[in-house]
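Chains here go by letter, A, B, C and D, matching the order in which they are written, and residues are numbered from 1 within each.
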Amino acid sequence: MNAAQREQLQRSWADRPGLVGWLTTVDHKRVARRYIVTAFVFFLMAGVLALLMRAQLAYPNLRLIGPDRYNQMFSLHGSAMMFLFAVPIMEAVAVYLVPLMLGTRNIAFPRLNAFSYWVYLFGGIMIFAAFVLDVGPEAGWTGYVPLSSSDFSPGKRTDFWAQMITFTEVAGLCVAVELVATIMTQRAPGMTLARMPLFVWSMLVTSLMVIFAMPSVMLASTFLITDRLVGTQFYNAAEGGDPLLWQHLFWFFGHPEVYIIFMPALGMISSIVETFARRPIFGYTPMVLALVATGFLAFGLWVHHMFAAGLPPLGNSFYTAASMLIAVPSGIQIFCWIATLATGRPRLAVPLLFVLGFFALFVLGGLSGVMLASVPLDLQVHDTYFVVAHFHYVLIGGALFPLLGAVYFWFPKIAGRLLSERLGRWQFWLLFAGFNLTFFPMHYLGLLGMPRRVYTYPHGLGWDAYNLMSSVGAYVIALSFVLMLVNIVRTLRRGDAAPDDPWQAPDLSCATASPPPAYNFAAVPAVSSRHPLWADADATPCAELPVLAGVRSDRREVLLTTPVDAAPANRWAMPDPSPWPLWSALALTVVFVWSIFDQWGVVWGAIPVAVAMTAWFWPKRSEPSLGGDA
Amino acid sequence: MTARAARTLSLLLLALPLAGCAVQGVQSSLQAAADQSRAIDQVWTLMLWVCSAIYVAVIAALAWAIWRRRRAVQREGRTRDPLLARALAAWVVLVVGLLSWFVAASFLADRRLHAGHADLEIRVTAKQWWWQVEYLSPQPDQQFSTANELRLPRDQTARIELLSGDVIHSFWVPALSGKEDLIPGYSNAVLLTPRRAGRYRGQCAEFCGLQHAQMALDVEVLDAAGFAAWRARQLAPAPAPSDAHALRGAQLFLGSACASCHAVRGTSAASRLGPDLTHLASRRALAAGALPMRREALRAWLADPQHAKPGNQMPQVPLDPRDRELLLDYLMGLR
Amino acid sequence: MSRAMRTIGDVAGLPDYAFGPTSVGWWGVLGFMLIEGMGFVLAVGAYYYLLHNEVQWPPNAAPPPLGWATAFVVLGLCSEVPNYLVGRMAQAQRLQAVRWGLILMVLLGLLMLVLRGFELHAMNVRWDRTAYGSIVWALLVLHTFHTITDVFDSLVLAVLSWRKHMDGRRHADVADNALYWHFIVWSGAGLYLVIYWTPRWL
Amino acid sequence: MCSRCLASALLTVLLAGAGGCERERREYHSTPAGTDARPALTSFRPGGAPLDAAPSALGRHYQDNAFHIGQGGRLFRSYNCNGCHGAGGGAIGPALMDAQWRYGGSIEQIHASIVDGRPNGMPAWRGKLTDEQAWQLAAYVSALAGNVSKAAAPSRRDALSATPPLTQLPAQPTQPGDASAQQPPPQ
C-alpha cells in the first residue's frame, strides 16, 4: 500500500468540508460519535431530573416540587433514560466499533445510519422541549392506560410521549437492521461466525432482539395515540378493549428492552476482560450460547411485570420458572469471566475496575431479580422502592458501569488521546460509593412499604433516614460525572496521544490508527483466528497483519463476504455523503408532530417524506449505481 | 488497599439487611401479621439467605481471581481447561438446583395466598385518590360503606373484592399480604387472615395520577368483640346534630355543594361521588391519610383542600369562616 | 500503522454486485420484513386477545363483507406470477423484461390499492365503535400502508429502469423489491384469513 | 459541537411554542374567580349593537385549558347531566352537540345557563357547584359543540362511548337561536 493509494483512499472517503460536510456525512465514526455525545447529553439532562426528584424526597412532606411537575419529571427521567440514553448509546458504540472490529470501511446502509441519528436527535429535542413547555409525559415511562388515556391525561402530554417512542424506535430499528446487515456481509475474510469477537456477537443478538421487540411498543403506542386522537377503543374496557392489552404489548417489548440494554454491555465486558486478563476468554462457545439463550428467554417472561394484575396463578408460576431460568446464562457468563481473570494475568486499569464494579453491583441486582421472579415475593415488593433499587442495580451496575469502562477503554481509539487514569479511579470510587449510597437503602424502603412514583411521603414510617441517605448519594453520583467531564475536557485539550493499540487488545479495531482514518483500513485485513492481533494464547501482539489487495480505492468500496464462512464474495460500492437523510428525518419529524394534532397530518405530511426519500435513493448522474442503496 | 476497601464495603452492605429488620413500621412487609404475609415472608427469608451466600461466594471468587498469587510462568492461559470446564458444569447444576428450589418454594407460598374460605366479604373500590370500602352481607340491612379505613376481625379470613372506579390502582397492606391491582373492567380479590391485632397502613401501589402519593388506607385488626362493636356502630345512621351550632352546620352541609358529592346516612345527602361521611369523626385520618382527623386539620382541609393534597377532586367551597365553624361542629359530631 | 501488512491475496477479480444473502440490500429487505412481519404478528395477537373478551365475535355486527377483500387477495396471489418472473429476469439481468415487468407490477399494485379502497369503504364497522372495529381497521390500514410503500418503490424502480443505465446493482434492487412484494402478498393473505374468516369459522 | 446545535434548536422550539403552557396546566390551585355579570342572550338590544361573540378572558381561560375541559367532562358524568342531555345528544333536555342554542352557545352563556338554570327543566346549580366547577362544565359543553381548540379537546371516553371523540367534531355556531321554539327531543 503506497502513499498515493492512501491519498486516493482519503479523497474517496473524505466528507465535504465545513458545515455541509457535517450535515451530510455518512461516516459511521462521525455519526456514532455524535450519537454518543447526544446520548450523554440526554443522560445528563435526565440525571438532573433525578437530582431534583431526590431533592424533593430528601425529607418527608417537602414542598419543593408539586405533584404535577414531579410526575412529569419521573416520567421523563425513565423515558429519557430508556429510550434516549440506554438503547441509543449501546447502539451508537456498536455503530462505531462493529465495522472496525469486522475490519471493514463503513457500516452497511450508511445513509440510513445518518437518518437514524437525525430522527433520534429530533425526537429527543421534541420531548425535552415539550417538557419545558409543560407538555411533558405524566403517566410514567410505562404509560399505563387508562391513566394515559384522554380521560385521565387530557391535553397533548401523552401524545408527545407516544410520538417520542415512535421517533426513537424508528431510529433504533434502523440501526439494528444496519448492524445485522453489516455483521452478516461485511466481516473480514476468514472471520467465520465462530471467530467473531464476543462484542460483535452480543450486538448481533441485541439487534435481532430489537427487531423482534420494538415493533411491539410501536404498535402499543400507535394504538394509544389513535385511542387519544381518533377515538379507537383498543384500551377501553367498556367497548371490548382491554387495559391489560397495553401492559402485554408494552412488556413484551419492555422486558427484552432490559436485555437489549444489558447485552451490549456483556460484549463490552468480554472485550475488556479479555484484554486486561491478557488471555483469550475462557469458554467462548458457552458465552455465545449464553448470549443467544438470553436473547430467546428474554421474550418469554414479560408477564412477571404483571403478577399483581390478577392473571391466572398457574400461568404466573410458569413465568416464575422462565424468569428464574434466565439466571442460568447470566451465571455461565459470570463464571467464564471470573475464570478468565483467574487464569490470566489481570492488569487493574480503569476499564477493568469498572468491570469489577459491574460484578459487585450486577450480581446483587441479578439476585434481587431472582427474588422478583417469585410470584409471592413480587406481590410484596412490586412497584416499591425495592424494584427501583433492583433495576438501577441491573441497569446502572449491569450496563452503565461496563459502558463507562468501555468509554475509558475505547476513548483513546475514538479521540486519539488517553484519559487520565488517576481521575478515572477517582470517578470510579465516587460513583461506586455514591451509587450504593443512593440505591442500596432503597431495598429497605421497598420492604418497609414505600411505593415508587410518590412525590412525597409522610413522616414516621421509618423511611426518613434511608431517603436522606439516598438523596445525598445521588449528589455524589453527580459529582463523579462532573469528574468524568473534567477528565474528558482535559484530555481533549492536552491528553497524551494514544498509540494504535493502547491496551494490546486482540480485535481488529486496534489494527488501525487512533483515531481511525475515514477509510478505517488501508487494506482489507484477513483473519484466521479469534484473536487476529494476538500471536498466541499469552496475548503476545502479532508483528504483522495479513491483508487482501484489490478493493478499489478510487471509490467507496468495501469487500463483502459470505454470511457464515466469511469467504470473499464481491466488492460493494458504498454511497456518498448526502443531505437527503437529514431532509427525510426533518420531513418525518413534521409528520410525527403534525399527527399529534391532526390525523390528516399523516397523509399530507407523507408527501414530503416520499419526495425526500426518493431523492435519497435516486442515483447520481455521474455514478449511476452509487446512490441506490441506503 | 483497594481490595480491603472493597471487601469491607461489601461486608457492610450485607450486614445492612439485618439492621433493617429492627425498624418498626405499620407499613412494613417485614412485620408480617397475617397468614398471607407470613407465607411470603418465609420465601423472603429463604431467598435472602441463599442469595446472600451466593453473592458472597461470587465476590470471594472474583477477589481470589484478581489477587491470587501467581507463579512466574503461567501454564494456564489456555482457552480449554478441563478442570474449569468441569467447574462450569458444576456451577450450572448448582444454579439450576437452587432456582428449582426457589420455584418450588414460591409456588407453594403462592398457593397459600389463594387458599382458605372467606368468613367476611368486603368490596374495595379505588378511585382517584381514595378508597371506597363496602362491607357486604347477604342481608341488605347489614351492609354499610365507609372510606379510607378497613377494619378486620382477627383470626378470620376476609375476602376483599377489588374494583376500580377510574384508573388502575393497587391494593397493598404490606403487613397483611402482597398487592393486587384494581383494574377497570376486571374484578380481582385478595384473602386476608390477620393473626395479630393492631394498626397497619396500606397504600396505593400502582401509579394513579397526581395524588398517588397520598392514597393511604388505614387498617386496623380488632378482636372479634371489638370488630362486632365497630360494625354495629357503622351500621347505625349518622348521629343527629347535638346542639344548635351543629344543627345549623347540618343545614349548611345539605344546602351547599358538600351534599352534591358526599353521603351522610340518615340525611338527604346520598351522593356517592366522594367518600361517605356518615361516621367521619370516628376515622383516624382525613383525605386518604393526608391529614390527621382533628378539628384544626379538618378546618384547614375545608378552607383549601388543594393545599394538603394538590390535585384532588374536592373543590374549594367558598364558605364564610363563621359558617365553616358551624359546619365543623356538625362534621366533628359524626362519630 | 504500526503493524506491517503482508498481502496474501487479491480480490479485484470479484464482481461488484451480488444477489441474495451476499448482498447488503437483501439483508436490509429481510430486516425490514422481519420488523413489519413482527408488527403483523403482534397485531394479529392483539386481535385474538380482544376476541377473548367478547362472548360474540364480531360484537353486535355481521362478519365483514367478503367481496372486495377476496378480490384483493386473489389479485395479489395472481400478481405473484409476474412478480416471481420479474425477480428471475432481474437476476438474469434481462433489461427489457425487467422494464415491462416492473410496469406491470406497478399497475397491478395500483389496482390492488383501488380494491383495498373499496374494501375499506365496504367495511361494516367503524374504528371508533368497538375494539373489534379498531383492530380490524388497524390491521387493514397497517397492511395498506406497506402496500403503498412497495408500490411506490416499484414505481421509482420502473422509472429508473427506463431512464438510467441499469447495471447489476440496480437489478439486485429489483430482485429485492420482488422479495418484498412476496411479503406484501402473503401477509395480506394471512390477514384476510384472520379478519374475514375468523368470524365465520368461529 | 453537537450539544451547541442541540441547545440552539431547543431555544428555537421554546420560543416558537410557548403556547403549550396555558393549554396543559393542571390548574387545581387558585383559578380566577368568576363574575356574576349576566351575559347577554340575544342580540336584540337598544341601539342594535352587535353581540360580542368572542368569549371573555375568563371564558377563554377555561375553554383553552385541557385540564379544565377534562374535569368538566368528569363533572358532566358525575352530576348526571347525561340523564337529560344524553351524553350531549339530547333527550329530555336539548342536544348540546348541534348548532341549536336556545340561550346562546358562548361559554359565558353556557355558564349562566348552568348556574341559574333555564325554564322547562334545567335546574339552577348555584350553590350545588362551586363557580370553578360551573366554568369547567361550561368548558366541557363548549367542547361537546366543537368550540374549543382541537389541541385541548378530549378524545373518546374511557367508558361506553355514546358520542364520537370530541376531537373529531365540527365546530358549531355559538349564536343563540329562538328560545321559544321547543323542538321535540330526538329519539
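Convention: contacts are C-beta pairs under 8 Å (C-beta built on N, C-alpha and C of every residue); 3 or more make two chains touch, one makes a residue touch a chain.
Keep in mind the model is a prediction, meaning the values are calculated, not measured.
Engineer: By that same contact rule, can you tell me which chains touch chain A and chain C alike?
Structural biologist: D
Engineer: Going by CA means, which chain is nearest the middle of everything shown?
Structural biologist: Chain A is the most central one.
Engineer: Based only on mean CA positions, could you tell me how far chain A sits from chain B in angstrom?
Structural biologist: Centres of chain A and chain B (C-alpha means) sit 36 Å apart.
Engineer: If you average the Cα atoms of chain C and of chain D to get two centres, how far apart are those centres in Å?
Structural biologist: Spacing between the chain centres: roughly 46 Å.
Engineer: If you average the CA atoms of chain B and of chain D, how far apart do the two points sit, in angstrom?
Structural biologist: A distance of 39 Å separates the two centres.
Engineer: Find the geometric centre of each of chain B and chain C from their Cα atoms only, then give the gap between the two centres in Å, rounded to an integer.
Structural biologist: Here the centre of chain C sits 51 Å away from the centre of chain B.
Engineer: Check each residue of chain B and list the ones that touch at least two other chains.
Structural biologist: 166, 184, 210, 310-311
Engineer: Could you list which residues of chain C touch at least two other chains?
Structural biologist: Counting only residues that touch two or more other chains, chain C contributes 128-129.
Engineer: List, in ascending order, every residue of chain D touching at least 2 other chains.
Structural biologist: 26, 74, 156, 158, 161, 164-165, 168
Engineer: Give the pairs of chains that touch; include all such pairs.
Structural biologist: A-B, A-C, A-D, B-D, C-D
Engineer: Touching residues of chain B toward chain D in the complex: what are they?
Structural biologist: Interface residues on chain B, with respect to chain D: 166, 184, 210, 255-257, 259-261, 273, 306, 310-313, 315-318.
Engineer: Spell out the residues on chain C that touch chain D in their complex, using ranges where they run on.
Structural biologist: 128-129
Engineer: Report the residues of chain D in contact with chain C in the complex, numbered from low to high.
Structural biologist: Going through chain D, the ones touching chain C are 156, 161, 164-165, 168.
Engineer: Considering the complex alone, what residue numbers of chain D touch chain A?
Structural biologist: My answer: residues 1-3, 6, 9-10, 13-14, 17-21, 23-26, 66-67, 69-70, 73-74, 150-152, 154-161, 164-165, 167-168.
Engineer: If we count contacts the way the header does, which residues on chain C are in touch with chain A in the complex?
Structural biologist: 1-18, 21-25, 27-28, 31-32, 34-36, 38-39, 42-43, 46, 49-50, 53-54, 59, 127-135, 137-138, 152, 156, 160, 164-165, 167-170, 173
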